[in-house]
Amino acid sequence: MNEWLYVLLFMVVGAIIPIGAIAAGFIFGPKKPNPVKRETYECGIEPVGEAWVQFKAQYYIFALVFLVFDVEAVFLFPWAVKLGALGIYAVVEGIIFVSILVVGLIYAWRKGMLEWV
Amino acid sequence: MTTEQIIFLIVAGATLASGLLVVTSRNLIHAALWLVATLFGVAIVYTLLNAGFMAVVQVVVYIGAIAILFIFAVMLTRKDMRDSGAQLNSNWWAGALMAVLTFGGLFAMLRTWGGMSKTAAEIPAGFDQIAELGAQLTSPEAYVLPFEVASVLLLAAMVGAVYLAFNKK
Amino acid sequence: MNFWNDPLKVAAEWLEGVFVGWGMNEIASHVLVVFLGVFLLVLILMVIDIFLVWIERKVVARFQDRIGPNRLGPFGLVQPFADIIKLIIKEDTTPDGADKVVYNLAPVLSMMSVLMVWAVVPIAPVMLSVDLNVGALFLIATGAIGTLSIIMAGWSSNNKFALIGGFRQVAIMVAFEVPMLATLMIPTIFSGSMNMNAIITAQDGLWFFVLSPLGALIFLIAAIAELGRAPFDLAEGESELVAGYSTEYSGMKFGMFYAGELLHALTFGGIWSILFFGGYRFFGLEQVSPFLAILIFLAKALLGYWVIMWVKYTMLRIRIDQMLVFNWVFLTPLAFALMLVTALMNALLKDASPWLYGLGMFLSNVVVGWIAIEIARSVSRKEREKVEGVHQVAEAHH
Amino acid sequence: MTTENLIWLIPLPPLISFALIVLFTNKNKALSHTVAISAAFLSWLGAMIVFVRALGVEHFGEHPFASSINWLPTGDTWLKVGVLIDPLGAAVLFFVAWTILMIFLYSVGYHNFGQPAGDHDHAGLPPHGATVHGHTVLSVEPMYSRFFAFISLFAFGMFTLVVSDSLLTLFVGWEIMGLCSYLLIGFWYAKPSARAAGIKAFMTTRIGDVFMLLGIAFLYSVTGTLSFREIFTEEILHTLASVPSGVFGLSAAGLIGLLLFIGTVGKSAQFPLHVWLPDAMEGPTPVSAMIHAATMVSAGVYAVIRMFPLLSMDEKTMTVVAFIGAFTAIFAATIAVAQNDIKRVLAYSTISQLGFMIAALGIGAYVAAAFHLITHAFFKALLFLGSGSVIHGMEHGVFHTGNHKVDPQDMFNMGGLKDKMPITFWTFLIGGFALSGFPLVTAGFWSKDEILADAWGHHHYIVFATLAIAAFFTAFYTMRQITLTFLGSPRTEEAKHAHETPWTMTTPLVVLAFFAVTYGWVGIPEHFPVLGPLVNNNWFHDFVGHTLEHVPEAPEFSWIPLLTSLVVALGGLGLGWFVYKDVKSVEQDKFQISFLKNKYYFDELYEVVFINPAYWVAENVIYKFMDQGVIDGVLHIFGPVTDKIGSAIRNYFDVPVVNQFIGDGSAEVAWWFGKNLRPIQTGRIQQYFILSLVVIFVVGGLLYYILTLA
Amino acid sequence: MIPLSWYLTFAAALFSIGLFGALSRRNMVAILLGVELMLNAVNVNLVAFWRYGDVAQMAGQVFAIIVFAVAAAEVAVGLALVISVYRRHNTVIAEELDLMKW
């Protein structure tokens, strides 16, 4: 049997439990909505404007840097697993690999993109 | 029909359905979330192919990072939350025709190709895919150059994206 | 083989026999048994989760020199159940303009992402859950689903605070996932596998904490940020963002976020103990009985959880800019440097005696940490001088 | 570190330096040049270590340094990348490393490092000078860091090319240099002429590159490998030579060789693709030196020398090569006589000298070509850098007088710089003498002599005669240049105030002058009278010759080529000095000549026999007619020509014959198509995408239809 | 056992859906979403060929990982371009961008 089937079971059970709990709340809780209740919460005062707000470009940069390092990790995990059996050259390869990416990180940092301005 | 086949059909159907929703959803955030569903389906397909590592990587990279990037980009390029107007361009029929033709062409090719009846060999016991992947990625006899070049590619992407999107000039 | 040595197997075989006896297909009965096992595990987790509420409240009370819940039941032990009843019978409101499906899916995904981690957590030598060879990455994958649930919650609520809070939380989570990835590679290098059980088995000599104390520390910091707990809880800084992404949630949906967070903290305590403190291992005691192993693991996980609480109730909230700069400029390079140094030392000391290996690793950690701190210190001194210089100039003008 | 690993590392420092400068040090000029020069130095160090180790290996030709790794899987085989240093590679690496390092150093001074920023300078234009305490002084280049980034990338391309073990990586380096030469020639991009020159250089070399790529593809399809060591085995060469290509009756080897040679024709500015090189003088002078001496044009010749075993398989190809080389040599030399711009003279001179090498290869003088390649690189780099130094000194004078109308590059504005700029003068003199082939002491003499001896020894008398005449012109224009620039008295106020350049510029001159003299001594022929027995054997011939499987025979010693080269060199030099020693200005030049006609009776003879015809031929026939009219015309007016042909057809064929049917002729039809197809180009990417897919389907369908029918 | 053709057909369908998205959506972000689907379809093919070919030869998975890297780079730069265009022209509609028109 494929071991991932068990993981799928975990997923199913992991979904059932919260759904059950929320359903319980739905069944036992009162349901008396009114316009004021359904307003969005803004510290008790009337909501102002749309929920949309101007976002900082930095959000994109963080996700971007994360994406890059994420993909990097994808390459490095097999490397880390096999490292014990490989020689020092593999370590050097890894060091080169990471250093190249760190250059990008430094670039983004020098550009002031990693700061929350 | 075996259990595996049933699972595959269900997963593939759901994946393609959410794929269709990706390209037809009006709301871009919804499209991005449907993309997540599609990619998750693809991850399950990987597990059916015994490529557990690929499945996890799929979730980590696509759902964990690329989907987030998409959502951030949508938030950065949208003035109002609700989408209005058509989401398909005026040439959508041509695009649809091309897509159908592509599928038809690929399908026709698959039908005539001789390798389809191939059966998958059992994965040998004790064969560690990840370790083998690591060995091949670092071996000068195999893929060490793509491995390092991938790093350069990512660097270029990072520098390029940072420069493009947020050049102060 | 008896019940005390391998309770799961005995119970599973017995149940399967029963089901097959009822005329069920063998595979179906197997799947059903596994399903029941998983269900049992998750139920136990939920019960522990309920008690975590009590523990959390008791501990925070101690930190704040209070007594905490003490009315319901002995030591207020029944208090969390009262909390749950309250959550269940509360009205569940959905704000206008919310995206219903996404809004309702978010808390489910949030809880699911936490529970799924336990798929790869070995709780005893014979109870390995699922023996995946990608355990460490699986952890990150479930984290990705958690991140997604937060973004969904924040976006679908149609609320400024929820949106900003959610986005901030996501920014923090993705930022701190990078050093976490790097430190996850350290146990992987030591054990030569991403399999959680292999990582535990590899710690029969020394705990990886001894080999890489700095790695354990970085992992803990990243984990706390990942959890969104103090001092990294600015996504729900009450004074500015109400309750962050969960602002609009009420009743059991909020309960799911809350319970998910607590369980997540415990989970990270457990993962931390697995990666760096030998998991269910404790000087051979785990071999006596699986039940003892579970207790050992639970104790270690709770200890980890306690450390996380300790940090939470001791430290002040950090500003988001400081925190992100801290991550990108200090923690991420440090984590990668440490990972590479570990890889290098591993390659150099591979054939050395275990004692030398451990000593070399430990010392290399100390050296890397010392260098990092020295660099940070000199940089911050310069910054301070710059700021003070400005102040002095300003004073001179006055 | 093993030598093989070291070779891998040689090209890397400049690449890293490029990245560092572009990404980080763009703002800091000092840091930028420190990074770039350190990188060049590291590469130089690596190259020297490799070179020295190569010298220490017995039978180096049979056991070169080589290593390769798999790159791309292509079905069952791998496309490999690797490094190879054999004797030829080692010799080339030596001069490349030296010249690159010197040029890097020189650039610091040339771009006025340490001077104040200009008053009105802006990026894209050469610096115009700055005012300090009321004086106008040289100002620093505004795009200083960018320059170092570009030349670093350029150096990376060259090192890659030299150390590569296959045509694939060679071509990669080749194209990187093509890009960089475009960037560098158009470095002052705000000048329209510089832009045009950059585009011209890029497009012209591209023509050659396309053919070269075709040659590489053909070679790969025939042999399945691109690695030199694998191609140059008896077996494969024999196969290549025996397989007919189906074009012009050439064998596969011949056609591939010819295609690759066309690449060189573009890169090394051989006739008829030489037109870009003189225009390329628009770039900064270190660039001229890089492109014209050390790297790019040498790369073209280097590629042909590399492919010599393949080329020599086919007699016809060799004839073409020899013809093109010899023709280019004489034709460019005659043009050079008529130029007044100090850099342009050198540009034509380069074309001519490259023609020498190509011609040498064409007659099978493998070693002589390589030898001349190296000596030429040294003395031509020296001359370019020297001319840059002269221009720099003149600019100093221009700023002093404030008369910006004076062109600091025109030789007639100079004169008497010998006393103002002694180091530049003496080094330039050495370079010039080397170029002319001044007997015995200079490197140019030995290499040129070897080519002539080879031509004579192998009975290529036409080539021999052509090259000898070209050598005479070479000596003549070189002396003309030296005389006009340095000797006599200053012809302008600016020349009086010229000033010696800083040490960063003069040091490279001295170093290169050293090699321009001494490098020739390693290749003294064994049978040369007196000196031959002294040096015992021809070291260079032995060393480089062993690159080939069959070491080429050195030609028998003969007095005729030796005397010829003595006569042309000394005669040209003497004549040049004699004619130009008293010329005061351009106008005076003509006047002076007619005056001389009256005073010295011999001069009239020279005038009639040599100078006027040479001027006339150079100006009218070759420069104006062939160069500007025919060649430039064909290349640049291709569109108008078709248009003219179209209208001719219309006037003489369409209008009277088929006017009613075809309407206003082919041009109109093309115009109509253009007009009606124009809406397709909507600028919308998705529509392009759809269109390209439609094309794929149509073509794919057709192919499928044809293939299944067949 | 699932036949190889199922996987390939699935991948072809996914690819076509992505192609449709890339060809027909107006919003540039949505176009990139379509491209993601296409890349994923390719990856499914690569992994399927690995599984049904020589398992010990990891080329399929290696290529798939490299496609991950390419996809990441493509998305990063692509979205940055979209953001950049949005800042300059205040639109994310691909059809409204025809500066390269004749």
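So that you can tell them apart, the chains are marked A, B, C, D and E in the order they are listed, and the count of residues begins at 1 in each.
Assume a contact is a pair of C-beta atoms (placed from the backbone, for glycine too) under 8 Å apart; a residue touches a chain by one contact, two chains touch by 3 or more.
Just so it is clear, the structure is predicted and the values come from calculations on it, not from any experiment.
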Between chain C and chain E, the fewest touch steps amount to 2
Compare the CA centroid of chain E with every other chain's and tell me the farthest one. D
Using C-alpha centroids, which chain lies at the maximum separation from chain A? D
Return the distance between the CA-based centres of chain B and chain C, expressed in whole Å. 28
Averaging only over C-alpha atoms, locate the centres of chain C and chain D and give their separation in whole Å. 64
Roughly how far is chain B from chain D, centre to centre by C-alpha average, rounded to an integer in Å? 49
At what distance in angstrom does the C-alpha mean of chain B lie from that of chain A? 18
In chain A, which residues are in touch with two or more of the other chains? 3-4, 7, 51-52, 55, 57, 59-60, 63-68, 70-71, 73-75, 77, 80-83, 85-86, 90, 94, 98, 103, 105, 107-108
Per-residue overlap in chain B, given as positions that touch at least 2 other chains: 4, 48, 50, 52-53, 57, 60-61, 64-66, 68-69, 72-73, 75-76, 78, 81, 89, 91, 94-95, 98, 102, 128-133, 137, 140, 142, 144, 150, 154, 157-159, 161-162, 165
Which parts of chain C, given as residue numbers and ranges, touch two or more other chains? 27, 132, 137, 140, 158, 167, 170, 174, 177, 192, 194
Touching pairs here come out as A-B, A-C, A-D, A-E, B-C, B-D, B-E, D-E
Which residues of chain C touch chain A in their complex? 27, 30-31, 34-35, 38-39, 42-43, 46, 87-97, 104, 107-108, 110-116, 118-119, 129-132, 136-137, 140, 157-164, 167, 170-171, 174-175, 177-178, 181-182, 185, 188-189, 192-194, 242, 247-248, 251-253, 255-256, 320-321, 324-325, 328-329, 332-333, 336, 339-340, 343-344, 346-348, 350
Per the touch rule, the chain D residues reaching chain E in their complex are 73, 678, 681-686, 689-690, 693
Mind listing the chain D positions that touch chain A in their complex? 19, 23-24
Help me check something: in the complex, which residues belonging to chain B touch chain A? 4, 44, 47-48, 50, 52-53, 55, 57, 60-61, 64-66, 68-69, 72-73, 75-76, 78-81, 128, 130-135, 137-138, 140, 144, 147-148, 150-152, 154-155, 157-159, 161-163, 165-166
Which positions of chain B touch chain D when the two form their complex? 89, 91, 94-95, 98, 101-102, 105, 140-142, 144-145, 159
